[in-house]
Structure formats: structure tokens, C-alpha cells
Amino acid sequence: MDQLNLLWSNTGLNQMVPGQGLMLLVGMLLLYLAIVKKFEPLLLLPIGFGAILANIPGAGIAEGSGILHVFYVVGIESGAFPLIIFMGVGALTDFGPLLANPKTLLLGAAAQFGIFATLLGAIGLTALGIFDFSLKDAAAIGIIGGADGPTSIYVASKLAPDLLGAIAVASYSYMALVPLIQPPIMRALTTEKERLIEMVQLREVSQTEKIIFPIMLLMLVALLLPDAAPLLGMFAFGNLMKESGVVDRLSDTVQNSLINTVTIFLGLAVGSKLMADSFLQSETLGILVLGMIAFAIGTACGVIMAKTMNLFSKNKINPLIGSAGVSAVPMAARVSNKVGLESNPHNFLLMHAMGPNVAGVIGSAIAAGIMIQFLG
Amino acid sequence: MDQLNLLWSNTGLNQMVPGQGLMLLVGMLLLYLAIVKKFEPLLLLPIGFGAILANIPGAGIAEGSGILHVFYVVGIESGAFPLIIFMGVGALTDFGPLLANPKTLLLGAAAQFGIFATLLGAIGLTALGIFDFSLKDAAAIGIIGGADGPTSIYVASKLAPDLLGAIAVASYSYMALVPLIQPPIMRALTTEKERLIEMVQLREVSQTEKIIFPIMLLMLVALLLPDAAPLLGMFAFGNLMKESGVVDRLSDTVQNSLINTVTIFLGLAVGSKLMADSFLQSETLGILVLGMIAFAIGTACGVIMAKTMNLFSKNKINPLIGSAGVSAVPMAARVSNKVGLESNPHNFLLMHAMGPNVAGVIGSAIAAGIMIQFLG
Amino acid sequence: MDQLNLLWSNTGLNQMVPGQGLMLLVGMLLLYLAIVKKFEPLLLLPIGFGAILANIPGAGIAEGSGILHVFYVVGIESGAFPLIIFMGVGALTDFGPLLANPKTLLLGAAAQFGIFATLLGAIGLTALGIFDFSLKDAAAIGIIGGADGPTSIYVASKLAPDLLGAIAVASYSYMALVPLIQPPIMRALTTEKERLIEMVQLREVSQTEKIIFPIMLLMLVALLLPDAAPLLGMFAFGNLMKESGVVDRLSDTVQNSLINTVTIFLGLAVGSKLMADSFLQSETLGILVLGMIAFAIGTACGVIMAKTMNLFSKNKINPLIGSAGVSAVPMAARVSNKVGLESNPHNFLLMHAMGPNVAGVIGSAIAAGIMIQFLG
Amino acid sequence: MEQQTDLIAEAITLTLFGMGFVFLFLTLLVFVTKLMSVVIQKMNKQSSPKDDVHHSDNLSLKDEMDEEAKFVIEQAIKMHRGA
Amino acid sequence: MEQQTDLIAEAITLTLFGMGFVFLFLTLLVFVTKLMSVVIQKMNKQSSPKDDVHHSDNLSLKDEMDEEAKFVIEQAIKMHRGA
Amino acid sequence: MEQQTDLIAEAITLTLFGMGFVFLFLTLLVFVTKLMSVVIQKMNKQSSPKDDVHHSDNLSLKDEMDEEAKFVIEQAIKMHRGA
């Protein structure tokens, strides 16, 4: 009889607290979004599954020597997983469009205002007594506006590990929602005439330029903002492996089995931070709302920056590519293209939008470096 | 002269104890089985080689900071390797036949009696004073009857790390011996008429069912037996990645480079537990004998269960597929098919046997969870 | 204003010491050699990039919890990376030519004199008061003459971790320079008549021999020099996986994604040892000079050994294949072939040179084992 | 001696509970799986009419393409023989 | 209260310095990138005469092959129509 | 001074023993390898007669299949020309 009691007392049914039940549903919601709605499935499927595993009552998979906690400590606390992903993203990035039209870097700069506006918002809500975010928390939340998953995770692991789960989920969810969030803002801020602007075709960029650029980028980071060097260093390294053309077998592995493997374990480890007691806080709701605002402001600032640049330049930029400055590669660039085609079905903005799109990656890594330097 | 003495005193020849010489031969025997006899070479080749490395006198490769010991601590003590392999097995598993005929799950249940019978046997031998197994030891030995390598290793690493080497070797060896162990038992327990039973063709299973099943399985585990959640969770995760169809690049990596890489290091690490002083014990002989018995009993119970089910059901099951319930995927299913073809060369049982075959994986993971819950 | 001061005080520009500036240039020089000159780019590109990252002022990427330092501790201090690379090299090695003509093993032995001559040289320079190398340092430097990157790194990590950066850079650089260093020495030590020697065609080697050889090699190591067992064990393991033909999926992964992944992280981790304060020492210059001498002496001894063997044997060896005994697989064998073709455009020595070439790998691993046994 | 009796008793208990639980779990899984399959098949049937139309559309498009391909191939064969 | 004013002040400072630095950095990157491109394009132009010859060789070879392909296709069309 | 003499002495000893051992080891490996090859080649020769029969069986089977393929192709060509 004792055995039966023990068996029953150890079941999940008996040990479950309401929060865990809710989080199991949240995990299944993430799986639904990933599988049925195809929202960033590469990340949200492992995160969702990790969330389910982490909230199985009595299993302790995300605590102590549980396997998800091991993945978290080894891969995220050390910074290794986000940095390796960044190397992979670098190896998948083509700086060609950016090099053909470098001034689109400024669009990537402007869109980072979403990050800082959100930081201000989070601190404002704290001042109003609605939430209780520290400056570190606020900075980590702001980075959601950078629309860059690994950067968000990296910064959160340094500044606000308790919020990492919510921040990562918000980051990837909103990246998936870019096609819904951005178009209304883009249409509201542009005139039909602006949306019709056709841009001059991009020149072809030589391999030499593509090889020098990542090294130059890293040197500038080294001289001006060393705290951004891990992120942008690995990014530049991945890109250099690809563009140099002399280590194709390494570059292939980085772009395939390595980034895939790390993505799986990163996702599971992030999911392990969705445990009921730390995720089911009013703060999480704040993070979700603030993250959405961050995306919207970033989008708007990118568009406005493009319009401002047109005031000073003969070579007009279609302001629809400004929204791509938030990064969310390559989704945001596709959105620019799609909204552009609505006005003129022959005006393909995709390649033009890739410039600000990858500039946005650089911009948020710089913003991340500043946050870490001031607060880390 | 001192140097020469030192050189000589450090040679393996000088330092070798008889046990190590014997273990080097055991390692070579495993290599022979793997390479010439093709017994589960993916595991037995690395295990055999690891055994050789571990028994090189004076090299200390499997101790302290020796590389095999590092692999063992990092990969097996943490539970990571068997769990990652289980994820890979999940990504390689097709639950279709099981979903088309769910009652074959019961065959997978019955075959687990091999596990518990062996546990009783081990305790019985202890009671008789022949061996000295604790209950934990007995449970870990019993799991050999589950015919599932990673499950055996996982349980042994939790309950009886000292016996891990012998248990893993027994587990993989007997899985390779399934085509020899099972047919006589199957023939002895069935009549020719039973062996001739033709089963109705399996319906096609929709993708939706295949996606829901792993989630449902995990939920059931979460509610009833959280201690089985790490094993079955990773298994379900791998399967969901495959069936969801939205993360094919992750699923491909899991099925190939990831599972291969982990298999190599798992094998070497298991081999490191074949050091002479811990392996050359009378217990090892007991484990080998008991493991064999576990397989035989599991096979028999699967067949008997199928015959019992036929007493209560119109839709007759060919009892030859019962033996596949021990798992040993896909070898046991092929054995069912082969023995069936002996009686009727047009009666293909392979797909029907895949149902109990994968059910056996679930069944032994459940049995493993119970062992860990009661004794871990 | 404080913020502005902080920002400035944290820039790399402000924190940079001259040594770091110089090392950034060294890093870029390595990238130049890798990308433009195609000097062993698989290693020198990651090493060069790692050197740049390690010398970014204030970033601390190669110290404490910096990611490159983590890679170093996890992968090199543990010995794992060089050993895994050695496994990969084993899986890429064909012992066929060696088995067809086993006496070429002696060429691989002779070429190791470069290692010991360099050790003597380093100690001599210390005796003269020019440098200050310990016996361990001298041994680690000598291994550069083995022309085998992972062996050099493995030995340096055991005997002289402070010199690891310089030793690894010298090792890979000179391996890339083999086509420049070796031919003058080869021509100087051979007569035209000797260079014209045509060798009898190699017999075909059976798969059985290829399977037994790595096991036999390991057994000999186990009996005579256990300290070489980790290196040669992993090497033999990789080779056995390839030749056995029963674990092709493991062998493929080892030869591709696994060796590529480890190469990337090994390179970055080695680069992290090129920090200004430890690299910019007069010792580094000594290492570079001694390493070059080691290569030259090894080459010469290989050629002389071949000529000596011709004095005692009817089956004449073309002494040009002696230089391949330094290893530097497959570059040194190609050099033998090329210099041979200069004298007789129909005399292809490539396959004949592959014998001493892989023998050189075994030879330096044996030499490494002796160093570790006497000094480790 | 007593200790060993205890050990045996424990082993027997573990076996009973263990096998019991394995059967309980897998029986439950049988029912839940069957239930799921029934529900999904019903849902699919409800939505299938639409699907069927869609399908047949696709098929007819494909058929057209096949017709075209057939025609081209026939013409090619004619040319080859006749010319 | 005072603490919160401090917090807000800090946040505003961080925003000002942060956005300022982001713009500074990326503006610098624009200039450096442009400079690099100009330098490299000039260097390429200097070395291009050699390259051009090489290129035009390649092109003419390619042109010939294209000519051949064109001819083959035209003949095929003629056959198809005429026969 | 004495320390350095010691160091040099040690280095020389290490060199002598080291090179000696390298040669010893690889010479042994030469002999063992040759021995292995001889043994394996002898064993292969003993078992080869059987293998040869087996082989020739296979070959003849393969030949038959080739014959068949040849016949089919010839018939096809005939059809193609004649028809």
C-alpha cells in the first residue's frame, strides 16, 4: 500500500500546481504557433517543447542536474550558444547589398531607437509603480526591439537572466509577427508617391570588398566598443569564413550541422527558463507589451529616417525599406518588398531592403554592447 | 641507465596485470563481433575500441583527466549522451504502424516482463548467495531485457554506474543476437496455424495524428510518471521535429551528424567502463547470463500476450509479432517477418511488427522510469 | 559628462597598449597568409581571427569567462580537440601505400631527428644564455619538427602551455611552407641519378590488412609506450572506423562535420593564446627560428636515411620520398612527387611518398609520447 | 536472512507495481490514441469536401499538364519517325 | 521618489548616449566602407587591363558556346515547324 | 654552470633514448607489419579457391545478365531501324 501511495504521490497529477498546468498549455501554444502557424518554427518548436519539459511536475528537468538546466548552464550562461548562432548567422549573411549602398547603414541605426524607447518605457512603468524593472531589466527588455534572437538571449543572459525566457519568447514571436506588425505602420507613415519610388539598381560588389568588410567592421568595434566584440566578432568571423572562399568546408559545416545542432539545444535551454514560478509574473505581461511597442517604434523610426535622408539626398530611397532596419532577417526585407509591390507590381525592393536589414543586425549588436558596457 | 630503467618500467609490458591483458582480448573480441560478425557495429566498434584504450597499462585514458573519463563524465554521468541518442531515435521512428493498430501497444507492455523477471532473478541469486546484487543493481540489470541500448545506459548511469560497462555490452550484444535468440522461442510457443494468421492491412495514418501522438504521449508521461519524462520527452521531441515537417533542417541534423557524433563518444565512454578491475568480476558473468534470460522471457511474454489477446478479439493478431515487443528496433520486427515467411512466403508481417516494436521502446522507458522513481 | 568619460575610457582606442596593436597586425597577417597566400587556411584563418579577438583591448575575450578562454579550457586543456582532430585525420588516412612497402616506416623514423635536434638546439641556446627554455619548453618546441599540427598542440598543452600559441602558429605556418623549405634541401642532398630512380609499383593491399594494421599499431603502442596511446589510439580508432566498412555513417561524420566543427574551435582557442603579453617575447622569435630548423633537419634526415637504406637493399628507394617522412600530410608527399617530376616527367612518386608521409605521423606521435613520458 | 527476505519482498512488490503500471500506462495510451484518431478522422472528414475540391482542381491542372506533355512527346515521336 | 527620479535620469542618459553612439558608429562605418570600396575599385581598375583580356577571352569562348547552343536550338525549331 | 651542464646532459640523453626508441618502435612495426601481410596473404590464398568458384559463379550470372541486356538492346535497335 505504501508503494501505491508513493507511486500516486509522485505522479505529475498529484504534484501539479496550477501554474505548471498553465505553462504546459503555453508550451503547447508555442508548438501550435510553430507547427500550424509556422511562426519561426526553428526556434519556437524547441522553445515550446523545452517549456513543456520544464513544467512537468516533479521531473525537475530544468533544475539542478536536470538535462535542460545542464544545457542552459553549459550553453547560455557561458554565452557559447548565442555566439555560435551569431557565427552561423554571419556565415549565412551577404553584405553585398549593404556594400553597394552603405548609407542604408543609417536606416539600421535609426531603427534601434525602438530599443531605447522601450527601455525608457520600462523605466517609466516602474516609476509609475506598475512594474518593478531595474535598469538592467529594462535594457534587456529593450533589446527585444532589436529583432534579433541571439542578441536578445545574449544580453538577457548577462543582464537579466530571470527574464530570459520571456524575452526570448517575445523576441522570436514578434520576429514571426513582423508581417502583421509592420505593414500598417509603414503605410501610415508614407505617401503613395513615396511608396512608388524606384531605386537605382545596386552595383555588383567585388569579393575583395566582401572579404575586407567583416575585418574592418571588427576593427572599428575593437577600437570603439570592445563590449560588442564577442557578438560582432563571431558574426564577422562567420562571414569571413564564407566570403574568403578558402575554408568552404568549415563554412558549410557552420551553416548547416553546427548552427542546426546549437539551435536545438539553445531552444531547449531557453524553454527551460519558462518555468511557471518565474514566467507567470506580471513582469512577463509587461515584457510582451513592451516588446511589441519596441518593434513598432523601431519600424517607425526606420521609415522616418529614410524620409529624412531623402530631404538631403538626390538619390531617393524608398522609405519602405526603412522598416527593414529593425533586422528580423530576412522577414522584414520581404515585408518591405511586399508592401512596395502593392503600390507598383514591378518595383522589387527586396535587394535594396537587404542593406538596412543586415545593418539592423550590426546596429542592435552595437546597442547591446553599450548596454553591457554601462550596466554589465 | 636510469633512463632505460624508467623507459622499461613505464612500458605497458612491464605494468600489465593479467586482467588488463584479458580485457584487451575482450576489446578485440568486441571489435571482431562488430566488424566480422556485424553485431551492432555502430555501438560495439566504439565500445570495443574504448575497452582497449581503457585497459592500456599505465596510460590512464579512462581515469582522472584521461580523455575517455572526460567523455564519460561529460556525456554519460550528466545523462546527456543517452538522452540525445534517444532524441535521435525519436527522429528516426515512424509511429504510423502503431497508430494504425494501437492495441499492439499491449504487446510492447507484455514484453517488459522480461525486465522484472530478470530483476527477480538477480535478487534470487543474491538470496541464494551466488551473487551480491543490490536492488538498484538488479533493476539496472533487468533493463537489459528492454532491448534498448540508451535506456539501459541511462538507467545504469543513475542506479548502478559500476555495472554500466557490463550492462551496455550485454544490452547491445543481445540486441545483435536477436535473430538467434528469438526464433526458437517463437516457434516453440506458437502453432503452425497461428503462424499462418494473415493480418488486415494497416490503414494510412494522417500527418495530424503523427504530430499529436508524441505530444500526447509526453502529456501522459508528465501526468503519470514524471521520472520517465527525460527519456520519453527527448524521444517525443525528436519524433515531433520529424513529423511536424516545419523544422526539416533540424531533424536532418539530428538524424545524421548529431546522432553519429554522440554515438561515437557514447561508445568510447561506455568502453571506458570496461576496465579490468571493475569488469572482471563474477557479477559480470551474472549480468551476461541474466541479460540473456531477460531477452528470452521478454520474447516469450510478447508472444503469449498476442495469443491471449486473440482469445478476446475477432481481429486476430499473428502471435509472431508479439516477440517484436522487446523493441531492439528494427531487428526484432524483421525477425517476426522472417519467421512468418517460413510458414507462408506471402505473409509479410514487417509493418505489423513495427507497431509492437516501437511500443517496446515506450514500454521499457516506462519501466525505466518506475525503477528510477522507486530506487533513484 | 561622466558617461562620456566612461564611454571614452572604455574604448579600445584608449585602453590599447602597443603590444595589442602589434598583435592585431599579426592576426591580420595570419588572415592574409590564409586567404591570399592560401597557407593552411583551415587552421590559420581561425587562428588569425582568434588572435585578433584575443587582442581587442578591454574585451577580455581570451581571459576569465571570455568565450575564447572557455573554448581553450574545454577543448585544449582537456586534450579533447587535438585528440578528436587526430581521430579525424585517422579517418582520412589510407595506410595502403605504407602496408605495400612497410620499410618506408624507417624514413618516417629518421625524419623525427628534426625534433630532437631542435630540442638540443633550444637547450644549447639556453646554455649560451640567449634564451631561457626549460627542458619541457625545448621538447614542445622540438615537436614542431614533427610537422603535425594536432601533435604539436597536444604536446604543448601538456608541457609548455605558455608557448602553445607560438608553437601552433609555427607548426602550421611551416607546414604551409613545405613546398618552399624542402626542395632546395632535397636537391642538395641527392644526385641526379638518385632522383631518377623509378620504384616498383606498389602491390594492392587487402582490406583485411588495412583493418588489422590500426589495431596492431595500437597494441604495439600499448605494450611499449602507453604515453603515446591517447594520440595514436584516437588515430587508429578513426582509421579503423573508415577501413572496417561497417560504420560508414560514423566515419563520414568524423571526416566531415565533426572534424570541421572541432577545427573551427581549435583554431579560435589556439588564437586565444596569441595575446600580446605572452606572445611578444623574445622566446617567440626563438621558436620560429628553431621550428624552421627542425623542418630542415627532419627533411634532410629523411633523405639521408633513404640513401642509407639503398646501400643495404636491392630494391632501391628514390631518396626524394625520404623528405615526406616529416609528415605534413599530404603536402610533403606532393613535394616529393613534384621534385621527382623535374628530373623525369614520367616518374610519379606520389603514392610511394605517401608511405613515409603517414609513417611520419606515427613517428612524431611516438616522439611526442616519449617527451610526455620523460617530462610530463 | 531477514534482510534477504525483505529484499525479495521488495523485489516482488516492485515487480507487481512495475508491471501493473506498465500495463496501466500502455492501456491508457491505447484508449487515448484511439480517441485521438477517431476525433482527427472525423475532423478531417468534415473538412475533406473542401479539400477534395481543391485536390481535384490540382489534379485537373496536373492532368492538363500531363496532356500537354503527352502531346509534345507524341509530336516528337512522329517527327522522329516521319521526318 | 528621489531614487526613481535618479532611475529615470539614468535611463535618459543611457538613451542619449546609446542612440548617439549607435549613430556615430554606423555613420563612421558608412564612411569607412565607402572609402574602402573606392580604394578597392581603383586598385581593381589598375589591375583590370590584364584581367579584362583574360575576361574577354573567357567571354568570347562563352559567346561561341552560346552561338552553338543558339544554332542547335534554331535548327530544332526549324525541324519542328518545317517537318 | 653546473646546472646548465646537467640540462645539456639531460637533453642529450633524451635525444639518444628518444631517437633510439623511435627507430626501435618503427623497426618493430616494419617486421610485425610484414609478418601480418604474409600471414593474411597466405590465408587469403588458401580460401581463394572457394572464393574463385564463388566469384566465377557470380561472374557467369553477371555475364548471363549482360547477355540478356545485350539481346534486349539489339532487339530494340532492330525494331528502331526496321520498323
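Observations, loosely collected:
For clarity, chains are labelled A, B, C, D, E and F in written order, and residue numbers in each chain start from 1.
We take it that a contact is a pair of C-beta atoms (placed from the backbone, for glycine too) under 8 Å apart; a residue touches a chain by one contact, two chains touch by 3 or more.
As the structure is a computational prediction, the values presented were derived from the model and not from experiment.
Listed by label, the chains touching chain A and chain B alike are C, D. Greatest centre-to-centre distance from chain C is found for D, with centres as Cα means. When chain E is laid over chain F using CA atoms, the rotation angle comes to 105 degrees (nearest 5).
Counted by C-beta pairs in contact, the busier of A-D and A-E is A-E.
Using mean Cα coordinates as chain centres, the one most removed from chain A is F. More than half of the residue-numbered contact pairs at A-E reappear in one of the options B-F, B-D or A-D, namely B-D. If you average the CA atoms of chain C and of chain F, the two centres end up 26 Å from each other.
In this assembly, the C-alpha centroid of chain A lies 54 Å from the C-alpha centroid of chain F. With centres defined as mean CA coordinates, chain E is found 54 Å away from chain B. Centres computed as Cα averages put chain D at a distance of 48 Å from chain F.
Looking at chain A, one finds that residues 3, 7, 224-225, 256-257, 374 touch two or more other chains. Taken residue by residue, chain F touches two or more other chains at 14, 17, 21, whereas all remaining positions touch fewer. Considering their complex, residues 3-4, 7 of chain C touch chain E. The part of chain E that touches chain C in the complex is made up of residues 13-14, 17, 21.
In the complex of the two chains, the chain C residues touching chain A come out as 3, 6-7, 10-13, 15-16, 24, 28, 31, 34-35, 38, 41-42, 45-46, 49, 52-53, 56-59, 61, 65-67, 70, 256-257, 260-261, 263-264, 268.
Of all residues in chain F, those touching chain C in their complex are 4, 7-8, 10-12, 14-15, 17-19, 21-23, 25-30, 32-34, 36-37, 40-41, 44.
For chain B in complex with chain A, the residues that touch the partner chain are 78-80, 83, 211, 215, 218-219, 221-227, 229-230, 233-234, 237, 240-241, 244, 246-247, 249-250, 252-254, 256-258, 373-374.
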